[in-house]
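First chain A sits with chain B, and in the next complex the same chain sits with chain C.
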Partner chain A sequence: MTLTVTTRPAAGRVAPVGRRRRDRSARVLGYSVPASLVLLAMALYPMVVLFRMSVSDVGPTNIIGHWNFVGLANFAAAVGDPATWAAALRTLALSAVLLVSNLVLGFLAGAVLSEPGRLTNLVLGIMVFVWALPPLVSGSVWKFVLNDNGAVNAVLGVIGIPAVPWLSSPTAALWTVSAVTAWASLPFSTLILRGGMLAINRDVVEAAAIDGAGYWRTQVAIVLPLLRPTLWILAILTVIYSFKSFDFFYVLTQGGPGTATNTLPVLSYYAAFNQFEMSSGATVAVLSMVVVAVFAVPYVRSINREDQE
Partner chain B sequence: MSLRHPRRPSLRSGAVKVGAALGALLLAGTGCAIKTDSGSSSGGGSGTGTTTLTFWEYYQGTQLTWLQGRVKDFEAKNPTIKVNLVQATGQQFDQKLLASVATGTTPDLFINNIVVDYPTLQAGGVMADLTPYWDAYSGKKNFPENTTWTTDGKVYNLLPYTNLLGMYYNKDILQQYGIQPPTTLDEMTAAMTKIRAAGKYSGVALSGAPSVEGAWLFAPQFLGLGVNYCNLDANQAALSAAFQRVAAWRSDDALPRAAATWDQNASWQQFMTGKYAFGLNGNWQLGNVKKANFAYGTTQFPAPAGGKSQVFPGGEGYGIGAKSKNKDAAWKFLTEAILTPEAGESIYTEAGSIPVESQAADSDTLNKDPNAAPFVKAAQDTAAWPKNSQTAAMQQALGVAVSGVISGQTTAEAATSKAISTIDAAKQKGGGGCA
Partner chain C sequence: MTTARIRALFTVVKVLLGLLFLLPLVWIVLTSFKSEIQVLQAPNSVIFTPTLSTYREVIGSSLGAILTSVQIAVFVTAAVVLLAVPASFAISRRLSAGVTRYISVFLAVLLVLQMIPQPMTVIPLYSVLASWHILGSLGGLILADITLLLPFAIMLLRPFAMAIPPALYEAAQIDGANRWRSFRSITVPMMSNGIFTVISVIFISSWGEFVYAINFLPQGTVLPVSGLLASQNTTYAANWNSLMALAVLTSLPLLIVFIVSQKRLVNGLSLGAVK
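Here is the complex of A and B:
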């Protein structure tokens, strides 16, 4: 609810236009100060510290005190370490799984859930619940369910399929955790795409139907092209999400078995907060941020373009 | 050696000052920051002559109940001293302590996870030098040498109770197959082979997580041979044999592959199902094991061939903040509430930790419990942790290697080579010193 109060200056006391504009600018500037300060303190300042850490030698002995500047040595070490590249590849694998899930499954689920009905409302409610669940909670449940002697393998056993080492196999663990992460992010993409579908002019869809297009033909030939900007933004957000996804990996496998699920955020966390190698952790985090920034630029451009349209 | 540069960066610009202030305010608002009562973070006191000691801790459950009881008793005997227990998140404990040095607000007292935190906190200047207090303490004769954690000959941390690893066994299973509780790793392997051959039960439940926990459980396989983090490179054969043993357990299905991601709690839950002959875990499970629906017993961690049973000491260290203005009162609390024989007995009965104070360790309370005896014995001869600021990195490297071997991601040979090179690199990064 918005309450608008309009005040009118008294007759004969109207200020000059230039002065009114200046006053307004000053007022707008004043209003933006608190938000700017919070942004400086909570976002920009930590990022500056992070960058400083990545070009310094910071370990447990000097974390409080002077940080020696080492230039790009930390980046050279990180780039030269096969573990970083292996972690980057795993992160890309997670991105691929999330892209398929969020875009393909999200589109299908969004299309199905665009049809009104009680079942739709029920499913949407469940999806919002899943989306709102803290990853630490849902991750713990999945860990229990996917254990070697957990519920999933018990069900497989009933139908004669041998148990699958979902989380303990170095081959399966990455895909399992990626699937759980995809499960958690699917509601968001579904809701976004469903919103986009509902915003499409019904006349266009009905015209396609009159021309003889079936339901799925309409979805593929009419709805999908019209959703392209939304899909593009969703894809960018998905890649960004995969490069900062940490919770499920921490809860389900702690980066293991061995190093099988050591993605870039996990690598950064263990270096910084387990081994207190702050520089190494910060360097990996900065490298991740570079990737995120590469995708953030077209994202911001897309948003601006949408606003202008 | 000076650990901190004399030119500490100062908050020069107004923007940074405002940012820092806002950050602090917001942290306080979120409840994430450690809260202290009115102005008593250190040097606390009121106009009424009462000294308030701030004590940062992360205990949970029975340990917290025990500590609260000690505080209550101490305050009753010392009405002019109040102890303010401040609960903090264990994961962020080190960072907060390190930050408190910069702001001059280290707590008067704090506990720390001695296994990984001591080198970091000591090097970060968090801990006060306790040497004068310890030297003058009349009760120190009742504590073994490894109670004090020292650097450059100075005492910084005390370990009055310890948590140690040992072996729990399922008596029902062993009796069914006519097996005596093993005392060596070879006997344990033979026992598991026999049990697995029948196909009814699994061999051992242990933590093989790619972390400090996995390393902590694995190290006793070579510690008793005089091999530790400091001399692994010169004892490659011992480390390789340990990895090969674990790989063999895995290939024989005596050790499930899922153990590659189990932490100690998860492995304990598995042992308690009654499907495993052995469970390698700590004395803190002595209370929980009473809930088992099978007969059980305990022994020391099985010894490697040609060596003895030896484990690393774990548990919480007690320190006094370097910036505390109430060091005398804090020491009084330690000597009257934590280091006494009574405190030693009560932490065993209430929380299952093993006291190292001789009167408490020799008390009937501990000695009449046959399941506690192996842990008490282990506490008398523990292995020495490396004295290097990169100890946590060394353990992480070993944990990752163990998890890799159990899961089949890597071979025993590759794990040996990788662990030795990574641990050596960490050792060098930490100054090269170790023992």
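Here is the complex of A and C:
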């Protein structure tokens, strides 16, 4: 309300135009102050705390209290621990599955769903519904159907294939959870790529058709190159997502069997909240955030550039 | 342009794609209408006598959880909207070079915040909330949820705020309206579609959030529905029928929003997401 009182006279008074504009334009940012304060206190400050944890010794006994500074000892321990590297490798495996699914399947689904029609709207509606569904819910149903005597194995049994221990075997579990994660993120990549395809100038596509290029030829030679920037952004987001992905792991396997599905976020979460080794959890978190940051820089740049155009 | 063969192929792919996403949903609903005995005897049967016994049982025992969820979702949604609408207004217009610079930094921070994995923010927040003595209280959880969803809400609202023609603001200014007045009578009404989308999405997300809920609420308190579903999931002997009924309860807000206004939500989400 104070804004009301201070700005009102300015409208009627004859003030130097340049100055008035600057005053006003800076004041509009006041509307972002409450949100900024919340984010500073609850999002940015905790990141500082996370970093402090990674260079201190914080265990179950001193979460509140004095933290001893230990320098880079936690990082040395994390880098020396084969479990960290195994988790990093599993995160990469998840990235690979998600990249193939989001880019290749997403492209195909986006192309198919670019064709307008009632069926398209229906399928898109279902996919957006699943995308908006809490991962906890979709994870729960997959846990049920991929259970050793669940629906998937029952269907396989009907066509004579022996039951697969989707979630209970250490070799299969990582691929199974990755596949479920890929299923859940396919609607997003489909929407993004479909948006890109719909934005392509129809004339270009029609010109290719007149020149005798068939459907597939047009897709590969015209649409694919035009979508390259979108595909790049999607690829970056996908890699970042694989460092974020946690909900499906929590619901489906909790990192098990054994440590078979411990990716970096899973590893750091359970270190912090099962063993209350806050420092080692925080250290893995900082390490994986460095990787995320490397991928985030080109993404943030391109969004900002796009925005200013 | 496309030949008949390709068109037929497209239809097949669309149907398969639809089934891939529809069947799991059907399975949740089917199972939630089975009794415990039915699930134990034939977990994969498609033909059975539906019963409401599971819902009666689950809703009866989780009334407190539903109440907790409602409280959390209402408070979080209200706070996020109150914070995000003015913020998106503030960063929607590049009025001067200084403002533009500020907006770029603000946007970059929002993007980066969205990239930070939640299992990693939960670690420092645990100690931050503890040192502020709000760990183990609903207030602390609500504050954490607000922060988690705020960057997304601002990013989602921004295209809507930017779509408002600057000429409207200029006209209002000439008519003597101050900034608060034009925010109230131009920005808010013109962003109503965006605000609707954000209310839906934030309500759905805070209703389904569980990582903060299971860690920031004290042991033995009434968890929200999502927390209940999460903790039931981690026990070994799962009652699939009640688990699926809980899953339906957890997706209830989404179901309602979809029934009320599917088109508005799909459009709003694509506008914010495809950015």
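To be clear about the criterion, the second predicted complex is superposed on the first by the 286 of 309 C-alpha atoms of A that agree within 3 Å, B and C clash if a C-alpha of one lies under 4 Å from a C-alpha of the other, contacts with A are read in each partner's own complex, and residues count from 1 in each chain.
As a working rule, a contact is a pair of C-beta atoms (placed from the backbone, for glycine too) under 8 Å apart; a residue touches a chain by one contact, two chains touch by 3 or more.
Every value quoted in this text rests on a predicted model; they were computed, and no experiment measured them.
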Clash or fit (per the criteria above) of chain B with chain C on chain A
clash
Should A:Ala132 be classified as contacting the first partner (chain B), the second (chain C), both, or neither?
second
Have a look at where A:Tyr31 lands relative to chain B and chain C in the superposition and call it first, second, both or neither.
second
Just chain B (first), just chain C (second), both, or neither: which does A:Pro265 touch?
second
May I ask you to name which of chain B and chain C touches more residues of chain A?
C
Does chain B (first) or chain C (second) touch A:Thr61, or do both, or does neither?
first
Does chain B (first) or chain C (second) touch A:Tyr45, or do both, or does neither?
both
Tell me which partner A:Glu277 touches in the superposition: chain B (first), chain C (second), both or neither.
first
Pick the chain B stretch that clashes with chain C in the superposition, from 5-13, 239-247, 257-265 or 347-355.
257-265
What part of chain A is shared between its chain B contacts and its chain C contacts?
38, 42, 45, 63-64, 147, 149, 254, 273
Contact residues on chain A for chain C in the complex?
1, 3-4, 7-8, 11-12, 21-22, 24-32, 34-36, 38-39, 42-47, 49-50, 53, 58, 63-64, 108-109, 112-113, 115, 119-120, 122-130, 132-145, 147, 149-151, 154, 183, 187-188, 191-192, 195, 205-206, 209, 215, 240, 243-244, 246-247, 250-251, 254, 265-266, 268-269, 272-273, 278, 281-282, 285, 288-289, 292-293, 296, 299-300, 303-304, 307-308
Which positions of chain C touch chain A when the two form their complex?
1-3, 6-7, 10-11, 13-15, 17-18, 20-22, 24-25, 27-28, 31, 43-44, 82-84, 86-87, 89-91, 93, 95-96, 98-100, 102, 104, 106-109, 111-113, 115-128, 130-131, 143-144, 146-147, 150-151, 154, 173, 176, 178-181, 183, 201, 204-205, 207-211, 215, 226, 229-230, 233-234, 238, 240, 243-244, 246-247, 250-251, 254, 258, 262, 265-266, 269-270, 273-275
For the complex, give me every residue of chain A touching chain B.
37-38, 40-42, 45, 59-66, 147-149, 165, 167-170, 173, 252-260, 270, 273-277
Chain A touches which residues of chain B in the complex?
3-5, 7-9, 15-16, 18-20, 22-23, 26, 91, 94-95, 98-99, 101-102, 119-120, 123-125, 208-212, 256-261, 263, 389-390, 392-393, 396, 400-401, 403-410, 426, 429
